[in-house]
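First up is the structure itself, then whatever we jot down about it.
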Amino acid sequence: MERPRHQGMAKNTYMRWRLPLVCLLWEVAMIILFGVFVRFGPEADAHWEEEKQKNNVTSDIENDFYFRYPSFQDVHVMIFVGFGFLMVFLKRYGFGAVGFNFLLAAFGIQWALLMQGWFHSFENGKILIGVENLINADFCVGSVCIAFGAILGKSSPIQLLVMTLFQVTLFAVNEYILLNLLHVKDAGGSMTIHTFGAYFGLTVTCILYRPNLEQSKDKQGSVYHSDLFAMIGTLYLWMYWPSFNSAVSEHGDAQHRAAINTYCSLAACVLTTVAFSSMLQKKGKLDMVHIQNATLAGGVAVGTSAEMMLTPYGALIVGFISGIVSTVGYVYLTPFLESRLRIQDTCGIHNLHGMPGLIGGIVGAITAAAATEDVYGKEGFIKAFDFTGPYQTRTPSVQGGFQAAGIMVSLLMAFAGGALVG
Amino acid sequence: MERPRHQGMAKNTYMRWRLPLVCLLWEVAMIILFGVFVRFGPEADAHWEEEKQKNNVTSDIENDFYFRYPSFQDVHVMIFVGFGFLMVFLKRYGFGAVGFNFLLAAFGIQWALLMQGWFHSFENGKILIGVENLINADFCVGSVCIAFGAILGKSSPIQLLVMTLFQVTLFAVNEYILLNLLHVKDAGGSMTIHTFGAYFGLTVTCILYRPNLEQSKDKQGSVYHSDLFAMIGTLYLWMYWPSFNSAVSEHGDAQHRAAINTYCSLAACVLTTVAFSSMLQKKGKLDMVHIQNATLAGGVAVGTSAEMMLTPYGALIVGFISGIVSTVGYVYLTPFLESRLRIQDTCGIHNLHGMPGLIGGIVGAITAAAATEDVYGKEGFIKAFDFTGPYQTRTPSVQGGFQAAGIMVSLLMAFAGGALVG
Amino acid sequence: MERPRHQGMAKNTYMRWRLPLVCLLWEVAMIILFGVFVRFGPEADAHWEEEKQKNNVTSDIENDFYFRYPSFQDVHVMIFVGFGFLMVFLKRYGFGAVGFNFLLAAFGIQWALLMQGWFHSFENGKILIGVENLINADFCVGSVCIAFGAILGKSSPIQLLVMTLFQVTLFAVNEYILLNLLHVKDAGGSMTIHTFGAYFGLTVTCILYRPNLEQSKDKQGSVYHSDLFAMIGTLYLWMYWPSFNSAVSEHGDAQHRAAINTYCSLAACVLTTVAFSSMLQKKGKLDMVHIQNATLAGGVAVGTSAEMMLTPYGALIVGFISGIVSTVGYVYLTPFLESRLRIQDTCGIHNLHGMPGLIGGIVGAITAAAATEDVYGKEGFIKAFDFTGPYQTRTPSVQGGFQAAGIMVSLLMAFAGGALVG
């Protein structure tokens, strides 16, 4: 029952043994490491009945599962369908994009559960996992999918797996520095996921420069259907982004707020993308690449601040700006990067994740610095920024400074890590 | 990195400046209006910690977010993927359908948040929004997507944006008359969304009549894949319709009931659609257009009554009838409307939303009129129809009368509004 | 507004009257049976207000709707989009696969609500339904969709409807024997859904053997896009499988655990599928059929044990093995079955559901037999296996034995039922 195979998917004949070996050995390593370290967290363990009594939890619905599982599934769709199909807009790499994205994400989430677990969920020698860990693993892999967008078409599956291994590791270190050492808020990952992922990928692609990549770009089938497939990716990312930015926020008002802010920002972003795409093209026609990509910049750019009191109009402003920046990037910056700096950004991730991620970090720093007890309420203020324990004396402006430092750290980690891996 | 553009997407050369200007100016207007009016509702505001204590809310899970967010995401998918891809069955307009639907919906939800907010969530000079407002904004835009189905291929993006502006405004007025003045129940929007949207769109298309539209219909690519894309739209609408009809129902049993009724009605509708499609075609072959559209009529037709005690068999009967009416409409009524009344109903919205919407309104009126305390329970009866305050003396039969009046008002608003906009 | 029709979709000219008649008469029968038997369960009935007071339920969020509805929608997507589009990888049957799947599932869920209702939700002469019944009806139909995968291209819509009628009936009987008589745990349906569905379908296809089926297989359009459509099916099944396996588990930790185990198993499965697909093909290229199918075996193979304390590394091991077994099955077993045993397994369901289902049953039996109070906690142990009432003296090893018996019963029912229907 043999069937035809597609170009772009595994051309290397040497791979016959190398890819199977890498997959099998790494998976065995995962099993051993999971066996030694990973256990169910208290809310997923059968002991929860006793746990509930101990903590006076009166109802099963108080299980974190019910707070986060719907968002988890939306994020899952974004990583596997959203990022996978978005890249189909490059007709040549259609199936490879979806298939390789599937492979690297499936490996990446396992390694991410371990790496993030050691940093954040490690208790008495065990990593205790629950639904929040699954979301964070998906987030971490999202950052790899972003970087993959820059090197699409230039790397074998094994190179992708190696990149995934390193990038997940560095992601977890960077995340630990930001969230734990700098005590920075970044629920939607403008800094940890988008800025880090994009500049990591760009550094790698800069090193993997291939002068003749562009020429072979024209091998392609139906443009029309590729664009419709890509719109499936775009729309799922666009629709579920409110879940992405709210998935790991605090229970209650913070999740609620993050979803609303993201919804507003994304809506505004579509209008400015259409406006600038139409304005900058000859004859006012719309460019499909802009519609498929820049419309998402609004979600990236409220990643850090979505759970804060950004307010709906603040979100509209952020979306307004990021749609413009992203579209202008596609028109002017991507060609410039390619011709002058030899950075072949295959999917334009600098425009969709790089610059909007930086905007997101900056907006987050400003929103944090501008926070007052009046706007948040006394208890809401403490809860929103977790100004407890060693941080109870931190002021909003200091928090804003740390948020800004977080952007810098993410950029440095991305450049250093990308150079190392490249 | 220029790429080919598709027909149907922005042919007008004059548009070069007009479309960007409209998008930018309107978005600036949105920002200003949001800045003046829109704030987070109490459950999305950081003050919620204090709010909880004041109202003796013991758990974060009591936040409306957890009651409605999963349904919201399903509705979101219906509006952007469902309606967008459904229209791809018209091969000629494939990408334009998805892209323009995206643009008008992104603008529409912002304007709907304002319009509906002024009518329903206005307190002390501010519109306080939460997840329910997001759902209602999506609903309102759903009505515009329906109307868009009638004029697909006959209007420029700017005309669509203008139509969206007016239709959202009229939708909000009509909704206010029905829900607040007539105190009518219409959780799934048979009247407010489907009847209003369909007859509004039909009135507009009647005025925009183009004699030679039909002739150019044959320009098209792969029929086969267009049908598969359209099935994505169909299936997502079909699968998520239980969320649509239950999304804004009362917490608890009403949401539960609305989902079950809709599930049953849709299942029955598929069988009668297949039966009549096969029966009315030469040689018994099935017509793809029927499968893609008429199978959804069952969801439309229980929109009003889904949250009532329609009972599962009642839902089956409604689905049974609406599948037949809708399929027969595609076979006989659409050609008749076009040839005699010059109404070019491009997507057949009269069959999918118009007639089933009217059925939905009537079924709702009958179900309300037939309500008894015995069937609903004493408290359930009051809760289901909100017979409190000034309405506590209203009887079921009076309620039925008001429901019927709601259908009439929706029709009148649609005709008047459509004529105005057209 | 006539449009072209596709091959595979209803070629039979005799069908003109038979298909409509079957659809209409059966739907009328459903309405009558629903009218006599089906009513809303207490949590979907308007009397719930009084029910709440009687049972001291303090919040609307305690309604089962909020525990299960998000999972229900995911399962719904798996049945209608997942199974439908997965089968599009057979280019010849693309639209027929999606369309017929739609028809049989829409009929099947109604009949399943009745059959399962009589066995499990029958009180005082009425079947009381709620969201859990909807999920179970979808599960039951999932089993029919699996069997459909074996006979795709060999049967008319009427034959499919007849098969659905019988298979749903037998499914309900088998499920009753397993869950009620043997008191077996099978939340994800490794035995009841996958093993039963696969061997039922294989028995039917064996009887419907058509020698010349293979030859006509080459009629096909664009391979490339068919593979992308099939990946939509694959990915939605893969992403939502954690919802599938956790949808009807006990509230709280069991649902949480089932989702985590499934997530882990599926991730491991992707890597071994890629490894073996690459290893067993000439030149190390990957076979799309494996990526589209065998990557899902991990979800099937933890169906029974997902809600038990399988632990994340246990799940990885199960995924590891099932990916290998499934891929090897596609390469060696499917050709063997076809040439020697005349079993034309069109979609390879033996590799995706048959063998992994058996593995799932066995893993479930072992996991149950290995359960201890230490691992589950005293109360968790009783809750996990429902060792109450007449079963309070059952030991884990006895439970393991009954689980193994459940596999045998499912196989026997499948063979006997399939032979009967075939």
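As written, the chains take the letters A, B and C, and residue 1 is the first residue of each chain.
Keep in mind that, in the parts below, a residue touches a chain if its C-beta (ideal position, glycine included) is under 8 Å from a C-beta of that chain, and two chains touch if they have at least 3 such contacts.
Each chain and its UniProt protein: A, B, C = Ammonium transporter Rh type C.
Just so it is clear, the structure is predicted and the values come from calculations on it, not from any experiment.
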Intersection of contact partners for subunit A and subunit B: C
Interface residue identity across copies subunit A, subunit C - same or different by half: different
Separation of mean Cα positions, subunit C and subunit A [Å, integer]: 32
Touching two or more other chains - residues of subunit B: 59, 61, 66, 70, 222, 225, 232
In the complex, subunit A residues that touch subunit C: 1-6, 9-17, 19-21, 23-24, 26-28, 30-31, 34-35, 38-40, 43-50, 52, 59-61, 63-66, 69-70, 73, 76-77, 80-81, 84-85, 88, 94-95, 98-99, 102-103, 106-107, 109-110, 113, 129-131, 134, 157, 221-222, 225, 229, 232
Contact footprint of subunit C on subunit B as seen in their complex: 59, 61-62, 66-67, 70-71, 74, 222-225, 227-228, 231-232, 235-236, 238-240, 242-243, 251-257, 259-260, 263-264, 266-268, 270-272, 274-276, 278-279, 283-289, 291, 295, 309, 311-313, 316-317, 320, 330, 334-335, 348, 375-381, 383-384
